[in-house]
Amino acid sequence: MPDVDTQRMPRGVRRSSPRQFLLWILPWCALLAFGLYGAGLCLVKGLNQTNMDNRFAFGLWIFLDLTVIALGAGAFFTGFLLYIFKKNELKAVINSAVVIGFICYSGAVAALLVDVGQPLRFWFTFWHPNVHSMLTEVTFCISCYLTVLFIEYIPILLKNRKMRQVPSFLVFEFELHKLMPVLAGVGTFLSFFHQGSLGGLYGVLRARPFAFREGFAIWPSTFFLFILSAAAAGPAFILLTTWLVSKISRKPLVRPEVLPLLGRISGILLLAYILLKAIDTLVWINSTSPARGFAAHQFYAWKPFGAWILFVEIVAFGLLPALILLRRRLRQSTPWLVSAAGLVCLGIATNRFVLTIQTLALPTLPFDRFLTYLPSWQETATFLAVAAYGVLVYSLSFRYLTLFPQEKDLSC
Amino acid sequence: MFQEHRGQILFLGGALAALVAGWGGFPAVLFQREPQPVAFSHKIHAEKAGAKCDDCHFLRADGTFTGIPTLDKCSGCHAQPMGTTAEEKRFMDRYVTRNREIPWQVYTRQPENVYFSHVFHIKLAHLDCRQCHGRQGQSDALGPARVNRISAYSGSPQFQNMDACENCHRQRGAANSCLACHK
Amino acid sequence: MNTTSSRPGTKPARYGMAVDLDRCTGCGACMIACAVENNVAPAGPDATPRTGITWMRVYQISNGAPFPDSRAAFVPILCQQCGKDTPCAAVCPQEAVEVDPATGIVDQMPQRCLGCRYCMTACPYHARYFNWWDPRWPPGMEKTLNPDVAPRMRGVVEKCNFCHGRLHAARDRAAAAGRRELLPGEYVPACVEACPAGAMVFGDLDDAASEVARLARDGHSFRILERLGTEPKIYYRTARPWVRQAATQQRKETANA
Amino acid sequence: MLSHIVFLGLFYSVLAVVSATVGLSLFRAVQDFRARRTEAICWQATFPDLPARGRVCRHELTGEFRHRTCDKAFDCRECQTHAALAARHPPGPGEPDIFGLNFPLDRFYHRGHAWAHPEPDGTVTVGLDALGARLVADPEATELPAVGAHIQTNGAAWHVRKRGADVRVLSPLDGEVVATGGSQHGWYLKVQPDGGRFDARHLLRGAEIRPWIARETERLQSALDPTSQALTMADGGVLMDDLATGHPEADWDAVCSEMFLQP
Amino acid sequence: MGFTRRDLLRFSGGSAAGLLLTPVPWTLLHDTAVLTENWPGVPRPRHGEIATRYTTCTLCAAGCGVRARCVEGQPVSLAGVAGHPGSRGALCPAGLAGHHLTFCRGRATEPLAKGKPVGIDHALASVSAAIAECGSGESVAILDARPGRAASLVYRRFLAGLPKAVHCAPPDAQPYGGFGIDLENTRAILSFGARVLDGWLSPGRVLANRSCFQLIQAEAAYSRTASLADVWVPLPPGGEETFAAAVARALQGDDADAQAAHVARILLHNQPAIAIGGGAAAARINQILGSVGRPGGFLPRRDFMPATNIAALPDHSIRVLLIEEPAANDSLPWDVVARKLAQNPMVVALTPWLDGCAQHADYVIPAPVYLESLDEAPTPEGCTVAGFSLSPALLPTPPKLMAPAEFILRLAHDPSAYSEILKQRVAAIKKEARGTIFTYADAKSTRVADFASADDLWKAMLGGAAWFDDPIRSSRTESLPRAGWSNPPAVPSPEYPLVLISADSPPPHGSPLMSKLYRESGLRRSAIAAAVHPETGRAHGLADGGRAIVKIPGDSFTAQVIFDAAVMPGVIQSAGRASSPASIRRA
């Protein structure tokens, strides 16, 4: 039995014993099962199982989708740098990036299918699209990009030790890999748009002055901010995961210069993002919001969602990590690097949270009140299911596929 | 010969099987054929009784449409058996004498969410019954109704097809917004 | 004379409503009439004020003064039928929402709706409602459903459409009389008909002669969240300054902890 | 309307590109099959996955470079660098005995431990060199190509099973198998090279052999026992005849994959 | 050679590819999506002949005209009758959903004896037995929710045949005795806690005249009416009498506190003015204002049928009590009734509901609700002329149900049916030949005299019509009845430092829709809500939205606390609770 197991693992690298591995995945499987049960309830009994309501029409799941997709942006951006800009150092993490991207996007799509009231009508969006809706853009791009990610995942799959014994697989992989730049290009294009339109999702809500932003052509400023922030968060998240995996598996996975490089990329983008974000916020406070009859300070008048959130988002989770990542010396020390990356991811999460949750909590009708919302256990379970699914897929991929090509050389 | 092309042959075989099943078997399975409870002949009623469409299928004063007439409309003439056919007899003592409504199968029942105004099409658009209902008015026998087993709609592509409505409305410049025809 | 057909050559209508807040006593007749007319199901046992469906919803507002100077007013909120870049119509991913050029009514198509609820986040009036449950009526009560309005299924969004079933019925009656056009007053939503105080007036805003158009021009009339620039078609009217204030000015106090 | 066209146009062109990409790679793959490029491509796809230490250029072995990784997948026939260097100072004669292993000098050696010996009749005899032979001494199974089969340089020549290790031996030349032997004969295949003449430019010879074997034994050691640096050679540096029985603890599959260039 | 796994893969691959070229996948996608249109469990409305029918609402004493839209005979929506002289074309929320009443939970569906189902005959037998056993000094009483109807005549006739019997009414019935209110000409109303803008008289009539009169609401509770009145005089609980006296003094020019003086000024400057709801003192004010018997005040009308106020009966005097509880929105103050019952009394509830007086009854005779049986609407409350209209049934009467009047007729062994009694009433109207008939369908008024026969009149009324008497010029000088609604002052004590007072509450019996909409819109605070002034709340350690236990003498209940700065300090406002001293603490 262990033989069957080892014969499917890549040669020249050491992996935990089957028993250990089983002990590792079992709790995650349990979590997944529990989550699927919760999601099942929502599908069978309807969305009354959630704590969403007519006022909080979007809840935990949308927050999850936006965050997860931002973190998954590493796949497209690394691919973009590797295949288009020929940054070959990134070969070391591209496989891992692709797998992470695939996990994030498939997870998000799964969550969305539970989130909609009539999943059986999912194809209506493709058949009767309202091309003016940001959500249409999101739906189209994400479904396309998920396909792309799947195709990018195939070569990694085919390089599995058992698979590669079939010559035809190897040949197909070889030919497909030669065309990877094309896919990377397409992926970049798609990601560019749906990351943006995810931002647009709220930016276009002209009737929600807290979220509404002026913009360029049909795209509000959040469109561009989301692209930038996602591009910044993606590498940071890859950095984080790579570090985490090598901690858990207790072995070096990439050469020491790779993570700082990721950090640097993230840092540069993050700085740019934060600057633009700050400008955008100022414009919003001084022009956009007052023009619609709302003084911006009113939005922060409701405890506990005070202005401190804005500060934390921009300074603590933005400026600070950006500066850390841009200092060569700090970058070189793993603790600084990793914690900075962590902050970046937190920053993205905060930004998405503010946009999705706070927007809905704030009153727009003058005689209305601030609302609170706490996800039900079914919602949370579904949320956790996505996480568990991610961990499982990644663990299996890490065990049986070559996610970090350099690991082999470093292991000796 | 077979051995060397085994792969292709199997593949094509599979495809062929699927095509046959998909085009041949599937529709037969999907649609349930509901026979009509009574052997009704529009022809006889039109020729022998000289009935016109709107003798039985007429508009009410408020513009609503009666659709298929109720039993009392039938028993209006069929108080006594007309003719001696077995079918007539069956019809009489199964429905008329027991005063039970006839469970007609409707070919063209509109979905609950559709607002189809006969009066608009008749009085304002001046459409003739035949333009939609074809030669049903002259038919000698009523065929069975086809009911989609999944969607539970009495499927008659001509009637259950929004595009057909939309196209005609577009050509004639009639209202084409959702709630113009939905409720 | 207004028309509800989009035939080229005939003038389309722009239906709107004027609500006199000084007459409204908050009795809720409009809500009941609306729910009865539009086949809204009674709430299930575990429905909350925020999960139930009330196309027409009466809010109580107060002048904020403590005892004994408190005064109250009531604001019926229904879909405001926004006429310019209608927020909900713009965001729906699959054209389940549209603005009918012939009537100016914002159509919501439950049969097309995916239930993504994006339109609900877009609506500033919270006038859109989601079917969190399968619609359920007490045994036998489904006999009282209005045949002119299709009950909605679970998992879709719905909202006020100015009793479109009544518009259909009115059109049928007109057509039966050989008319393509509706006479003023031939079509009136249930809430307007039911209001015992006569606080609501309905009609074609483009018809300068109509009562509703006159009230819309009235100096005491205003629209809620007018500055969002969505051109709502529901006008509110009050001579009491504090009521207008409370209905239009964003609250200052941070009354929650 | 225009926006519809633009939007859907973009969407469908993206779909088109994606499916075209997949389709094209499928099509090419089929083409490769037709053109019998499979083996070459397999090697092409395999080589980058070899550990760096398994990919060193032969001229690094001989010390002409300090560090050089082969970028031609061990096919020196296409390598200008090699051509230039080989022209400047061709490898001198070496001696056949290396650490007590016999590497006859009339043979050419492939990096995958197969040797090729051109016979006077124009055919080429192919076998496993002393190190390779010790790795898979008395194998559980040997799977030789049928007489008349065609083998390609760096493609799989034959397969040997030994203690869970499924070894495919890389072919040192292109040609058609005319006879098959086995471990007991001391050779495995007799091959009629393509085009009648045997091109050995990509194979090691003479003085190149010693540094290569030296490096190979290091790799062997680390593969046999990654942890200790103890000399694993029996009696004063001479490898025992059957390494497998000598190292019952070693993961033989890993050892063979390392030595026979299998990722 | 056999069929290998690879072969299977090939085959299924082929069929998958082939399937894509068939309608199967696309049809499945489409039809499953269509299936969601008629999702299982979503009912189909009935289609068919749509007809308009007319009736009169009997849910309360207002007697509003009703137009019903019926599909295949089943009413699907109700609306007012335009031009109806009593209701001015309006219906209240309860009336709008009246056709749902028949589907409400908590209905009495069969005769019950001590909660056990029994046959109607058995019920009749035991009730007559109990009546026969009535000892001296013990009386039989029928509590008539709305005296002055044909049913009331039936009751009186039955009681007349008994040795000691009394026809009584709830405390707050007939507040204006034989008078109506000439609202159309009133310029000011001083209301002592009457729900003037919240269901008083017939809403349509009140609201139609709202802009013509000044409304002064004098009550402790911050009620719907108080919040909308022109002037709210927040009286201390039970302070009506004192304040009324003060206003009376001010009206006569004597000195009074500023507030009373202010109110008096309004009343004097807006003549004719009236005072309502305040018991004796209010009557006094009316006397001073001279509002009795003059336009814009209280005008006498014919048809007054006085009934004893049950509160005025001697305690422990009733042996057999038959309570008629109509499908009313105002429930009966049971504590008042209980005081009047003798030793081992028999209480018979003639009611459609199990949760009203039926809880206290030995026998429950299930009555049909509104629209389930032919009934009558007497003179609308506060109407200045006598009135009468029929309420034809639009729904079939469920089996085992019996109208209260029918039951009493059976008790009296009177063979005539209730409908006969109604017919006699109509015949009487025709005979006296006074007044006009307003027919709902065409909104036309016709003199009674112009009807050919009593039968025509009967038919007309069955088709939906209302009779209104001609106004009378009477020189009746008796003042308003002294009885009527009035709060006993509730004195706070150390044990009960606060005062519990009633707030507007949703009607106990109504369409499920109504309760839903009221709850979700928050228009009516639910019965478990207790509103207090924030200071009062904090003083008693309460938190907004928290739960609290309210103690009143001999009772206590838990409620959800609502901080409302509009509520009078020291007061707990809770729906449907009688005024009483109370204490509150955090649960």
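Every chain is named by a letter (A, B, C, D and E) in the order it is written, and numbering of its residues begins at 1.
Keep this in mind: contacts are C-beta pairs under 8 Å (C-beta built on N, C-alpha and C of every residue); 3 or more make two chains touch, one makes a residue touch a chain.
Given the structure is predicted, the values throughout are model-derived calculations rather than measurements.
Under the contact definition stated at the top, the chains bordering both chain C and chain D are A.
The chains in contact with chain A as well as with chain D do not exist; no chain meets both.
Interface comparison, C-E against B-E: more C-beta pairs in contact at C-E. A comparison of C-alpha centroids places C closest to the centre of the full protein.
When you average the Cα atoms of each chain and compare centres, the chain farthest from chain D turns out to be E. One finds 60 Å separating the Cα centroids of chain A and chain E. Centre-to-centre, using mean CA coordinates, chain B is 37 Å away from chain C. For this pair, chain A with chain C, the centres built from the Cα atoms lie 40 Å apart.
Distance between chain D and chain E, defined via averaged C-alpha coordinates, is recorded as 99 Å. Looking at chain A, one finds that residues 118, 121, 124, 129, 132, 136 touch two or more other chains.
Within chain C, residues 48, 52, 59, 111-112, 134, 149-151, 153-155 each touch two or more of the remaining chains. Working note: touching chain pairs come out as A-C, A-D, A-E, B-C, B-E, C-E.
Within the complex formed with chain E, the residues of chain C that make contact are 23, 25-29, 31-33, 35-37, 39-40, 42-43, 47-49, 52, 54, 57-60, 62, 65-68, 70-74, 111, 134-147, 149-155, 190, 193-194, 196-198.
Note for the complex: chain A touches chain E at residues 118, 120-121, 123-124.
Per the touch definition, chain D reaches chain A in the complex via residues 3-4, 6-8, 11, 14-15, 17-18, 21-22, 24-26, 28-29, 32-33, 37-39, 41-42, 44-46, 49, 51-53, 164, 222, 226, 253-254, 257-258, 262-263.
Those residues of chain E that touch chain B in the shared complex are 7, 10-19, 21-24, 27-28, 31-32, 34-35, 37-38, 44-45, 49-50. Listing the residues of chain E that touch chain C in their complex gives 36-39, 41-48, 50, 71, 74-80, 90-93, 96-97, 99-100, 102-105, 197-199, 203-204, 207-208, 210, 222, 224, 227-228, 232, 234, 511-524, 533, 565-569.
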